[in-house]
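Quick one: this structure, given as structure tokens, is what I'll be asking you about.
Read from first to last, the chains carry the letters A, B and C; within each, the first residue is number 1.
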Amino acid sequence: MVNKGIRIEGLKKTYGSGDTAVEALKSVDMYVAPGEVVGLIGPSGSGKSTLLKCLGAVIEPTAGKMVLGDDVIYDDAWKVRDLRALRRDRIGFVFQAPYLIPFLDVTDNVALLPMLAGVRNGDARKRAMELFEALEVEHRAKAMPSQLSGGEQQRVAIARGLVNRPPVILADEPTAPLDSDRALAVIQILNDMAKKYETAIIVVTHDEKIIPTFKRIYHIRDGVTYEEEGEGRAIE
Amino acid sequence: MISLAGRDILHSWGKFVFTGMGLGLLIGITLSMAGIYRGMVDDAKVLLDNSGADLWVVQKDTLGPYAESSSIYDDIWRGIRGMPGVEEVANITYLTMQVFKGDHDVRAMVTGITPGEVGTPGWPLYLVAGRQITRSHYEAVADIATGFKLGDQIRIRRHHYTVTGLTRRMVSSNGDPMVFIPLKDAQEALFLKDNDAIWEQRRRSAGTPAFNRPGLPDLLDSFMASQSTNPFVNAVLVRVGAGHRPEEVAASIRRWKRLTVYTRAQMEEILVGKLIATSARQIFMFLVILSLVSSAIVAFIIYTLTLGKIREIAVLKLIGTKNRTIVGLIIQQSIALGMIGFVVGKISATLLMAPIFPKYVLLLPFDSVIGFFVVVVICILSSIIAIRAALSVDPAEAIGG
Amino acid sequence: MKRLPFQKRTLALIAILLPLLALFIHVTLRSGPLAPVSVVLATVENKSLSPSLFGIGTVEARYTYKIGPTAAGRVKVLEVQVGENVEAGQVLGEMDPVDLDERIKVQDATVKRVEAQLKEAQTRKEYAQTQTLRYEQLLEVRSTSEEELLSKKQDLRIAEAGLTATREELARVRAEREVLESQRKDLLLISPVDGLVVSRDVEPGTTVVAGQSVIELIDPSSIWVNVRFDQIRAHGLRVDLPAHIRLRSQPDHIQPGHVLRIEPLADAVTEEILAKVVFQQIPDPLPPIGELTEITLTLPTLEEAPVVPNAAIHLIDGRMGVWLVTDDALHFTPITPGIADLDGQVQVRDGLQAGDQIVVYSEHSLHNYSRIQVVENIPGVIS
């Protein structure tokens, strides 16, 4: 599959109906190319979370169009029958907290996704190990999540986001719990991984430290996105 | 695919094992309850087995000798012995009373058995120590549940008996241990009062002018002698000869001797169907309540465990785990809990509870198998609330709200 | 180091679950119907049994004497108390004579009166005799008529008859006096034998009917035990069998005796045979009459034969037999039981040999397919 990133056109989301209707998203247009890391910035209540949930296929938008790679996944209605499989196979998630499954070890936390998709246990673990090597956490492969440091946990979480080679990764404040150095390190990793695995990465953040690293930034305000050039500052 | 449930249990095994043990004790009590019911039925059957009889001849129109009192003359057996198809007959008396050994007493069913040789109906079928009664007076074979030892002198009413043999599982339908004594002694015991009562009775008779007449000095003695005989027994046990159907023999005794006769099947119906029916219903109610309590506990535990995993479940859903997998996770955990509980329950019921219950607790393997499936079903049903909770989790919750 | 925590957890889980599982399997197999049955074995031995018979009896006196008046009357004095030994001929008491002495005096007077009448009759007869002689002489000399003489002869015969009648009357009144005399004597209650007073039924002043017992005596040398044997277990009972007599009041003291008599009449109601057993030596003090005794009769020793405890014998499907153990396998062997002794040993006529291993005691009823576990004592038996 050729990763062609993610494209969103005129996405709308209205909660409720009639007089009490709230327009969370009025008009969202975004495009993230494979290998690109873009920032999504907005104040609370701007519709940031709603957008993320729509992108993550956990809530249904009201109107608009979403194209993932070559496939139209939403065009005023879901075009994919199995949203679970869509989330599993074609969208990677990295959360503010790592949200690792506490009763699975690090490898299985990551390997679980390919396993859910029907990949054999051995192959799934092999895939996870490859990512751990790339993310330099392979020495912690057998540890339980509770035994990892915050940074390590976040790297494992990134590995989990990547493991099924999704065309897009949604990262929701991935650096929030980390100090400045580690936060930058995570962004560096995301940049590296985006390039390496040809993945489009959307980083939702309001972390001032990392905003300057994006080349492109989408601002969202009152349900409307505005595209802006970022500084694209290199990370030392 | 890895087992999520297994991993979770492995991760929080302490919680599981200890919860399982608690549940296990409850299941143990439930199994013991079933065991008590089985024990009651078994007590009834053992009583019938031990009598070694095919037919019970009792007083007309009574449910005797176990469910109702029955008394018939002790020479009726002669007539029955002559009926075609009758192989062996024996008189028998049953009387539940206190049996004394020194200062302490035991409630027991004193059974008067016809002297003879081994195999006479009514005799204990097997012993665990000592020997069968060989003298026709003042010897007793007691069940070990009475706590008596070989050689003990026990007192039944006015007479002392030497314990010569011990039995096991020889009980009345109430679970009282049996004490076997020779028939003649038992007939006396049935009738004989304590010494004081005898003296008082003699005084009363002597004070009655009708019995103490100056012109007939011997009348009082004759009257008193007539008062202290008891020509009654409770039943006649009949063993039917080979080649005869008990029903036919019973029918002919009923017809020609005008007595009530029960076959083994009828006796079982009386004992199980009438005598212990209320207790059985009571125990059944306990079983139902205990099952409900058990399922409530399982439901509560599983629900709590699931609530503790809501976030993980949301993540699992978000990353595309199927509902089936999540339901499987919960049900498997629930069943695992049930299994630990069942194993602990079975062990505790057998090793801890059954021996301390005063009544016989019979744990049938078949009951355990049923119990196992009931536990599994209860666990599955109990996890429904937890499953509903888990399925209603919105995967969107995983994404910062 | 890094991987240890996980292993430790697994190990702990295994450490708890494995024993639990092992215990579960043990419990499942070792209890309930799947469990092996504990049994106690015995070896059949050749032994000679000395069977015995056991019966219950009461001490009774062979001879009991009930002393009482022959006529209705009032008791005047009683000179003995219960428990006293009396001799033959001893006066035990006396009935009140009431008017007997006065009646004797009346009778004495009557005798005297009849004696006087006798004298009168005698005199009449002598006069009649003299008259007859004189008239005979007068007739020879023809100084009187024949008719006169005949009249005098008749007078003589009348006088003779009167004399005889009066003599008989005297004998009668004398005899009547003797009757009263002997009645007077019979008022004494006299012991017919050397004996022991066991009961004093009435006190002086009581009026009793003829034949009612006032004093009851027994002959202490005649006490015996009236013993009952169940008919079903009386095989071998005969006269002169040695007996052990155990009185209820002296359970540790066994006294020797023997069977004196077997009653020809058995008790049809209680289905017992009655026999009398006498003491070798009359016990001193005398056991109370009516005391309960246990009698054990020893029968002659039997020839040696294989012997099994009666607890080992079972009736299965109408056949008597024992559970034979060969190579840890059970099978039911029919036997023909013979004579048994009171200790529960039974001779086997047929079906077993000395040295066979048999099951005496078992925890449950046995079947051919029962698994067995040989133990010293059945669990739960307090010894």
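Keep this in mind: a residue touches a chain if its C-beta (ideal position, glycine included) is under 8 Å from a C-beta of that chain, and two chains touch if they have at least 3 such contacts.
Owing to the predicted nature of the structure, the values given are computational and were not obtained by experimental measurement.
Using the average of C-alpha coordinates as each chain's centre, A ends up farthest from chain C. Taking the mean of all protein Cα atoms as the centre, the chain whose own Cα mean lies nearest is B. Chain B and chain C have centres, each the mean of its CA atoms, that are 46 Å apart.
Averaging Cα coordinates per chain places chain A and chain B 68 Å apart.
Put simply, the C-alpha centre of chain A and that of chain C have 114 angstrom between them. Listed for chain A are residues 144, each touching two or more other chains. Listed for chain C are no residues, as none touches two or more other chains.
Under the contact definition stated at the top, the residues of chain B that touch 2 or more other chains are 10-11.
On chain A, the positions that touch chain B within their shared complex are 49, 52-53, 56, 58-59, 84-89, 93, 95-96, 99, 101-104, 108, 111-113, 115-117, 121, 144, 160, 170, 172-173. The residues of chain B lying in touch with chain C in their complex are 10-11, 13, 17, 49, 52, 75, 87, 115-119, 125-132, 134-138, 144, 147, 149-150, 164-166, 168-169, 184, 214-215, 217, 231, 239, 241-242, 340, 343-344, 346-347, 350-351, 354, 362-365, 368.
Considering their complex, residues 9-10, 12-13, 16-17, 20-21, 23-24, 27-28, 31-34, 40, 54-56, 201, 209, 212-213, 229-230, 232-233, 269-270, 294, 309-311, 313-315, 318, 320, 337, 340-344, 360-366, 377-378, 380-383 of chain C touch chain B.
Across the complex, chain B meets chain A through its residues 1-2, 4, 7-8, 10-12, 311-312, 315-322, 325, 394-396, 398-401.
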